[in-house]
Amino acid sequence: MKKGIIIFAVFLFWLLLVSAMVSLPPMGSPENPAYSHIVPRYLEEGVEEAGAHNIITGIILNYRGYDTMGEVTVILTALMGVLAVLGRENLLHHTSKVDESTIERSVIVKCVVRLLVPFIILFALYIILHGAESPGGGFQGGAILGASVIALTLTFGFSLTVKKLPLKYRTVFESAGPLGFFISGVIGLFCGLNFLTYIIPSVAPAYQDLIRHLLLLIIEIGIGVGGGTIIASVFLAMEKVGKE
Amino acid sequence: MLRSLDVLLLIFLLVTAIGVVCTKDLLGAAIIFSAYSFTMAIVWQQLGAPDLALTEAAVGAGVTTVLFLIAISRTVRREDE
Amino acid sequence: MNDLTELFNKLFVNFNYIVAATLFVIGLYTVIAKSNLIKKFMGLNIIETSVFLFIVSSGAIVGGKAPIIGEGVSSKTAFVNPIPQALILTGIVVAMSTTAVALSLMIKLYEQCGTLNADKLKELK
Amino acid sequence: MIEFSQHCPVLMTITLIIGGALTPIVSISRKKFSFWWAFFVSLLAFFFCSCAVWRLYTMGPISYWLSGWEPPYGIEVYFDYVSTITFLMTALGILVIVYSKRYILHDISEEKLPTYYTLVLLILGGMVGFSVTGDMFNLYVFLEILSLSGYALIAITEEKLNAMASFKYLVMGSVSSVSVLLGVALLYNVTGTLNMADIALRLQQFGPTTAVYVALVLFIIGFSVKAALFPVHAWLPDAHALAPSPVSALLSGLVIKIGIVGMLRVLYCVYKLGGPVDFTSVTNFMGWLAAVTVLVGAFFAFFQDDIKMIFAYSSISNIGYILMGISLVSFTQPERGYLGMMGGLVHVFNHAIIKSTLFLCAGALIYKTGFRKLSDLRGIGKKMPITCGVLTIAALSIAGIPPTAGFICKWYIILGTIEFGKPIFAVALLLGAMLVFAYYIKIINALFFREPNESITEVDEAPLSMLVPIIILAIGCLVMGIFAYLPLAVIRPAAATMLGLPSTYLPLGG
């Protein structure tokens, strides 16, 4: 009975949504207002204006950089949320199921992970640094970095990872995302420009492009390192269990 | 615009979504959810968004699923418990 | 009769949008009807990805390429709309953040109450 | 100075956000240092905000282009008269942080102090960013920052029911955020832009389609959940009552107002009165819901014994008043909605001040006695005269007794309903006001006139760091009431611009 009412209500909502979807301009047509209003400028001048061959990187770091600052703040907030609920891991009081399990992890897994992790980290760095030219960017690379930490923890144990990644350094790196934006954005502010402006007119024109690349790179590395550390910290905080 | 592969993928998306809803075993549901995310990544690749496909594969199918798995291992495995 | 054909036509042209709407309500049903909290949250993730699917689809262009402008690209190449992609990158991260907070809440709830069933949790209160 | 003040709207946001991100780093070695850091950051943000408000009232709204890109291409921060609410946010933020210095160690361990202050700064940053942005997607991002930190702040204590309350809030809040996002997506698909002013312009050009109406419905659903309007208010009582008291003050005073600010932005900045979409049927419906909300909140508050629970239900009731005020608009004759809009906006400010006073006083009582039930707290007024005196002032304010802050806005809203030709709403509001009066009399009676609880023997006044914020807030309650023309003068341009009238508009005889 209760289920029936829910299904009926949800069905009504579906009809509402579908009526909206049907009235939208046809998908995939270049005449759509979404495609003809702002996009032409991004596609035509984005490479020179924003300083990245990958227009998406140009948009997320330059045209809509403020949104991305919000995004890195959201993941920082999520980490703080997880810490507020569960607390930091502490080897004196905590261990994990991985460490406690009596099943010996197989040699093959250990060998493969040991061999692969350096390459995974290399790949992550490539994705972070090459984001302006190809698909990828700070956060994708950061997620892969975080995943490599997860793989290490699952094969070599919880306590090893916590020892290798001391809390003091992690606390600093977790804030790297917003800090990268702050450092790059404030330079423009001091030169009398708006926040997050990367082209500094008072510098000789030959160096302007270089400085912009440098500032964008700081942001990318900040997002990547910050994102990766946050994912690792969230994982460790959720994985821990109290010692008996 | 629509190609047969796209239609197939979209229908597969619906099937996996219903699969997530109907599976009583949470571990199974998490794995199906991972498959759902991967399918979504492929759909986005087809729509010309490789950046998003990369992100969804790493975050949606990877990190989110791992988080679900930890939560399931720390709590319950059956839906009715 | 003609109206009906036209409606079907529109439904088919905007098929991605319809799928997104359907996924949205599947997720909504899970959030409302299921009593297990982890299941509820899987539903919420489905809702979020369905909205992302809608936004990405609204940026697609017939025969469009990924908007990476490099060598070997003539001025005639059609690129897809890059704005929705930039928005969804942010969206995916937000979805993951919400999931992390929610799951840690569930772990704590289970430690305190020993169940993740919404009906049983109501009785405990 | 002029050059500098132009940057202020964005400076205050990044100060709070970056300050929040730095909190764990600066307090690595000494956890208690995080308080001083948070205090400093909030003072800095308050300074920037004051500069921005000063500029607003001398030179008009500030439009700030992030990265220097002109609006439809980049993100625009738009500091207009509605954004004056950020002044309240940053000011209340300082008081709450000062209050937390002693109080919060009662609820959480020292280990979590940096986390707590980070989250407080981030929730303030999210709210400030939300109120000043002029871009729809940016609105969603800041909405998520403030919601996530809100969920976390509720669950930060070790109490048993907090995680449950927080989870309920999280599920409803996330669904509402997603529905806002879907609304943004539909509008983007129809108009091809994300800037609010540009959307308004292009909606005029393309005319209303079904999708535009559906987007409006989705926005209203989303922001109603954030504001705890009647059918979707279920998360509020538990969340606001169980959170640590300073957090309750933030959530009840400011975070639910975010829903109101969002609705104002969407209805009156994007869709616009006199625009292509006639949304008065939606606002009329909202008016009915608001009337029910007033009664439901007041009715349930009457049966509570837990002092914070009473205040939480009373928040629901007051949100009803505000929504009633802002939804009384006529599409063709904007002047007719002026009184209600005025009252609603003033009540946003007054309710924020009064409700945070009440929650902080309740926190002081709980901190000293450990009890939270009204029946246990009876007769405490003689032991803690200052706290209870302030609580009485705030209670009289919220009940709407004439010389205090609550009177003027409720008066305006009720006048607005009559002016608008909906006397039935006026009846509902008066009935709600009477119920509110009754239960606050019940609280005052219990605190002062019932015989003291024997188990509370050695209780003295709350510490200074808690008394100072509540006394400042109580003075605020009185000033906003006695010098009522002050808030009215400040809010008048906001109400006028929302209705599409010139900012110097004055009603006849007003």
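Each chain gets a letter, A, B, C and D, in the order it is written, and its residues are counted from 1.
Rule of thumb we're sticking to: contacts are C-beta pairs under 8 Å (C-beta built on N, C-alpha and C of every residue); 3 or more make two chains touch, one makes a residue touch a chain.
The structure presented is a predicted model; accordingly, all values stated were derived computationally and were not measured.
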| item | value |
| --- | --- |
| Which of A-D and B-C has more C-beta contact pairs | A-D |
| Centroid distance [mean C-alpha coordinates] between chain D and chain B, Å | 37 |
| Separation of mean Cα positions, chain C and chain B [Å, integer] | 10 |
| Rounded Å distance between chain A and chain D, as computed from the means of their C-alpha atoms | 31 |
| Inter-chain centre distance, chain A versus chain B - centres from mean C-alpha coordinates, in Å | 19 |
| Chain C residues counted as touching two or more neighbouring chains | 13, 15-16, 22, 24, 28-29, 57-62, 64, 66-67, 79, 83-85, 87, 89-90, 93-94, 96-98, 100-101, 103, 105-108 |
| Overlap residues in chain A, where contacts from two or more other chains coincide | 17, 21-22, 24, 27-28, 32, 34-35, 38-39, 42, 54, 56, 64, 67, 70-71, 74, 77-78, 81, 85, 135, 137, 139, 234, 238 |
| Per-residue overlap in chain B, given as positions that touch at least 2 other chains | 1, 50-51, 55, 59, 63, 67, 70-71, 74 |
| Which chain pairs touch, all of them | A-B, A-C, A-D, B-C, C-D |
| Interface residues, chain D side, partner chain C - complex | 137, 141, 144, 148, 151-152, 155, 160-161, 163-164, 166-167, 170-171, 174-175, 178, 181-182, 185, 188-189, 194 |
| Chain C partner contacts - residues on chain B that touch it in the complex | 1-2, 6-7, 10, 13-14, 17-18, 20-21, 26, 29-30, 33, 36-37, 40, 43-44, 47-52, 55-56, 59-60, 63-64, 67-68, 70-72, 74-76, 79-81 |
| Touching residues (chain side chain B, partner chain A) in the complex | 1, 50-51, 53-55, 58-59, 62-63, 66-67, 70-71, 73-74 |
| Residues of chain D that touch chain A when the two form their complex | 3, 7, 10-11, 14, 17-18, 20-22, 24-25, 28, 64-69, 72-75, 77, 111-112, 115-116, 118-119, 122, 125, 129, 135, 137-138, 141-142, 144-145, 148-149, 151-153, 155-156, 163, 166, 186, 188-193, 202, 206, 209-211, 213-215, 217 |
| Contacting residues of chain C [partner chain B, same complex] | 12-13, 15-16, 19, 22-23, 26-27, 29-30, 34, 36, 38-39, 42-43, 45-46, 49, 52-53, 56-57, 59-62, 64-67, 79-80, 85, 88-89, 92-93, 95-96, 99-100, 103, 106-107, 110, 115-117 |
